[in-house]
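So, here come the structures, one by one.
Both complexes shown next keep chain A, but they swap its partner, so chain B is in the first and chain C is in the second.
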Partner chain A sequence: MTLGIEVNGLRLDYGKFAALRDVSFKLQGGKIYGLLGRNGSGKTSLLSILASFRKHTGGSVAIGGEAPFENARIVEQVCFIQESGHMTDGVKVRDALKLAASCWPNWDDDYADKLIRLFNLPVKKRVMALSRGMKSALGVTLGLASRAPVTIFDEAYLGMDAPSRYAFYEELLNDYMENPRTFILSTHLIEEVGSLFEEVLVLDEGKLLFHEETEALRSRGAAITGPAEAVDRIAEGLTVLGEQKLGRTKSVTVFGALTEEKRKAAQSEGLEFGPVSLQDLFVHLTKKRGDKQ
Partner chain B sequence: MTRSRKHPALIVAGNLMYTYRWVLATYWLVFIVIYVGIGFILRMNGTAGGDIDGQSIWEGAGSSPKIFLMVVGIMMTPLSLASFVANGITRRHFIGGVMLVIAIFAIVSSILLTVGYPIERAVYEMNGWPLALKNPHLFETTRQYGWIFVESFLLFFAYFGSGWLIGSGFYRFHWRVAIVLSALALLPAMAMEVVLYSDWMGQLLQTAFEADRAPMPLALSLSVIVAALTAALNYLMLRHVAIKKKLI
Partner chain C sequence: MFDDRSPIYQQIADQIKEDVVSGVLREDEQVMSTNQYASFYRINPATAAKGFQLLTDEGILYKKRGIGMFVSAEARQTLLAQRRERFFEEVVDRMLAEAAKIGVPIEEIIGRIEQAKGREDV
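This part shows the complex of A and B:
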């Protein structure tokens, strides 16, 4: 079972501060989405609204065609895992798992056991006694084993060490293939997770900057390298996201569709074209004026 | 595959009961041991003097569980709401579950308090001590177990509910506002004391408000209204509350 999400003109105010402004998008069910944004861009606010942790100020949200807030039919289908989590510190890990098992309709005990072994989770320890990495591992175990049709991880795996994070990515992908559902991953570790995303949403200062298929977004950026004068000629009229210069060699990162004419001209001048990573695109697109100086 | 699951309010109640089971059991064990010990020492040594002679020791036992349940009530929302909402439970069902827990804890505590009276009477009779109640109650003798239970239940429910309101206030509002609301949150407990005129506090409040003891049917009706208001006020405070990461 998968659920789609539709957001229209979403607004969230914290007093006089607008955390989200006129955000609209439509997510098809059964895909892995990446939600990217700088600190304070509104990612957690948006995800909190989707998970009914918070009521929005304006606009509308629909999950599976229904408004999610205080809607029992929908909230039991949306699992939201944050890094610091919402588990009661005083309870033991096995009790946190027991609570989750009793709450999520699609909970898979066998899969939870497998993940407990994979991450070496100490089930007899209290949550407060767990290291940051182990708390993250417990969070991703709860999220994956919930098998919720909409599963959201908000930096949930940040505290895990690299081997555990890669084990998580592998598990997520395998489980997604076997049990298709909608995943939304919010992260700053774009290089690591970027390959999982089918579509990417980029938030900046509370506004939705982009919502595109990952490959389409990547193909809109290119790195052009070669003699400085030739590079400048080709880059003229294009949106230059960043540039680096070493001696007479220059490399620019451009954003926007390159015409065939420009491409041919560049090739005839011996310029090199390279792909731009999702992380580089994200960094350039969300750079503030202050950062550029 | 989707499993059938219990009603969400029952899930909340079951998990809270499981979480607090040892707290409740340990409290009552320690409380009974201490209370019986104090009563035994007072009686055997006659250290209490004339004031306590012939009075039920157990009659005063209700004060401590009331405060204990109020403290448990204070912890309900700040410690548990976020973890239930994070597990796909609505605030509405959380409130329903907590109401069930309040009722069950109040019932268990009331049964234990009620059972104490015949035990105390047996001890008094064995030793040939006179036994009398000091304060007015819904019951007139320590043999009216039904009324002892009803009075205890209503008081425990109200104190637990007041504690829950205090905790919800701190979760919902800034602490400065919550402190002011805490005073108002005590109203259900105080109202129940006035209605039931159960011990010194009820007596004091009735004197302060120049209120007469309400007739039994009215007292019971008012008690039910106080309990319903407690639930309604919590619902009003929590129905749209944003889930915070960590309060404590």
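This part shows the complex of A and C:
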């Protein structure tokens, strides 16, 4: 089952501070979505609203056509795994798993066991006694085994070492293909997980900057490198996100559709053309004035 | 696994083309599924599917409903023709430009080619 998500003019205020401002998007569902944004951009606020952990101040949210807040039918379809972990620290890992099994109608015990072995989770230990990485591995296990139609991971990998993170990505992808459902992942490790996202949403200072197919967004960026004057001629009229100079060589990162003419002109001038990685694009698009040297 | 120089789906399509040209993938042979590709390269299956779509549009692959994707009968010939067309532009012209840049006379290049030809003739 896939549940679509529709957000319209969403607003969230913390006192006088607007954490989210006029955020609107539509997720068809059944895809892996990446939510990107700098610290304080509103990612956790947005995800908390989707998961009914928080009530929004204005606008509307609908999951499967229904408002999720205090809606039992929707709440049991949405599993939210937070970076900080919201499990009761006093309980044992085994009890946390039992609790989760009773919360999620689609919970898969066998799959949970497989993940416990994969991450070497000590089931007899208390959650509070786990290392940061193990707490995250527990979160990841709960999220995946919940098989919830909408599963949200908010920087769920914190503290996990690289092999564990890659094991997580692999499981996520394979389980998604076997049991298609909606995943939303917020992350700062764009290079590691970027290729898993079918669509990305970029939040910046509480506003939605982009919601696009990952490949489409990526293809809109280009890096042009060559002699400074030639690069400047080509870059004229394009949105320049960033530029670097090394002697007489200049490299600019441009954003926007590059016409075939421009591309040909650049190539005939011997300029080097390269795509921009999602991570670089993200860095350039969310750079603040104050960050520029 | 992938460089950053072109979209991943493009690189997947290029790899399959390379396999067809080199004969690793034969005509009417089934290619791995998008899910197998996705899992192997750890990418979203939709991205892998885009690469496959590119190849179906170009007539390199065809789809058997409910079974999977197969290499077209004329795939290798089509690709070889394309590669031959691009050979002089992409390989020879570039080689000559590089030779001019570093000062290798054309005669030397011709000499080298004749040598290679001589070896082949034997």
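Basically, the second predicted complex is superposed on the first by the 293 of 293 C-alpha atoms of A that agree within 3 Å, B and C clash if a C-alpha of one lies under 4 Å from a C-alpha of the other, contacts with A are read in each partner's own complex, and residues count from 1 in each chain.
Quick note on the criterion: a residue touches a chain if its C-beta (ideal position, glycine included) is under 8 Å from a C-beta of that chain, and two chains touch if they have at least 3 such contacts.
For clarity, every value in this text was computed on a predicted model and none was experimentally measured.
Quick check on the superposed pair: does A:Ala72 touch chain B, chain C, both, or neither? Answer first, second, both or neither.
In the superposed model, A:Ala72 contacts chain B only, not chain C.
Counting only touches as set out at the top, which of chain B and chain C does A:Phe80 meet: first, second, both, neither?
The answer is first: A:Phe80 touches chain B but not chain C.
Using the superposition on chain A described above, determine whether A:Ile32 touches chain B (first), chain C (second), both, or neither.
second
In the overlay, answer first, second, both or neither for which of chain B and chain C A:Met177 touches.
second
Looking at A:Ser102, would you say it contacts chain B, chain C, both, or neither? Reply first, second, both or neither.
first
Could you tell me if A:Asp22 is touching chain B, chain C, both of them or neither one (first, second, both, neither)?
neither
When the two structures are laid over each other on chain A, which of chain B and chain C touches more residues of chain A?
If we count touched residues of chain A for both partners, the winner is B.
Quick one: is A:Glu269 in contact with chain B, with chain C, with both, or with neither? Answer first, second, both or neither.
Neither partner.
Would you check which partner chain A:Phe53 touches, where first means chain B only, second means chain C only, and both and neither mean what they say?
In the superposed model, A:Phe53 contacts chain B only, not chain C.
Please output the residues of chain A touching chain C within their complex, sorted ascending.
31-32, 166, 169-170, 173-174, 177, 195-198, 214-215, 218-219, 274-275, 277
Could you please specify the touching residues of chain C with respect to chain A in the complex?
Touching chain A: residues 2, 4-9, 35, 38-39, 41-47, 50 of chain C.
Please output the residues of chain A touching chain B within their complex, sorted ascending.
Answer in residue numbers: 1, 48, 52-55, 70-72, 75-82, 84-88, 90-91, 95-96, 98-100, 102-107, 146, 148.
For the complex, give me every residue of chain B touching chain A.
It is residues 1-6, 8, 11, 14-15, 18-19, 79-80, 82-93, 239-240, 242-243, 245-246 of chain B that touch chain A.
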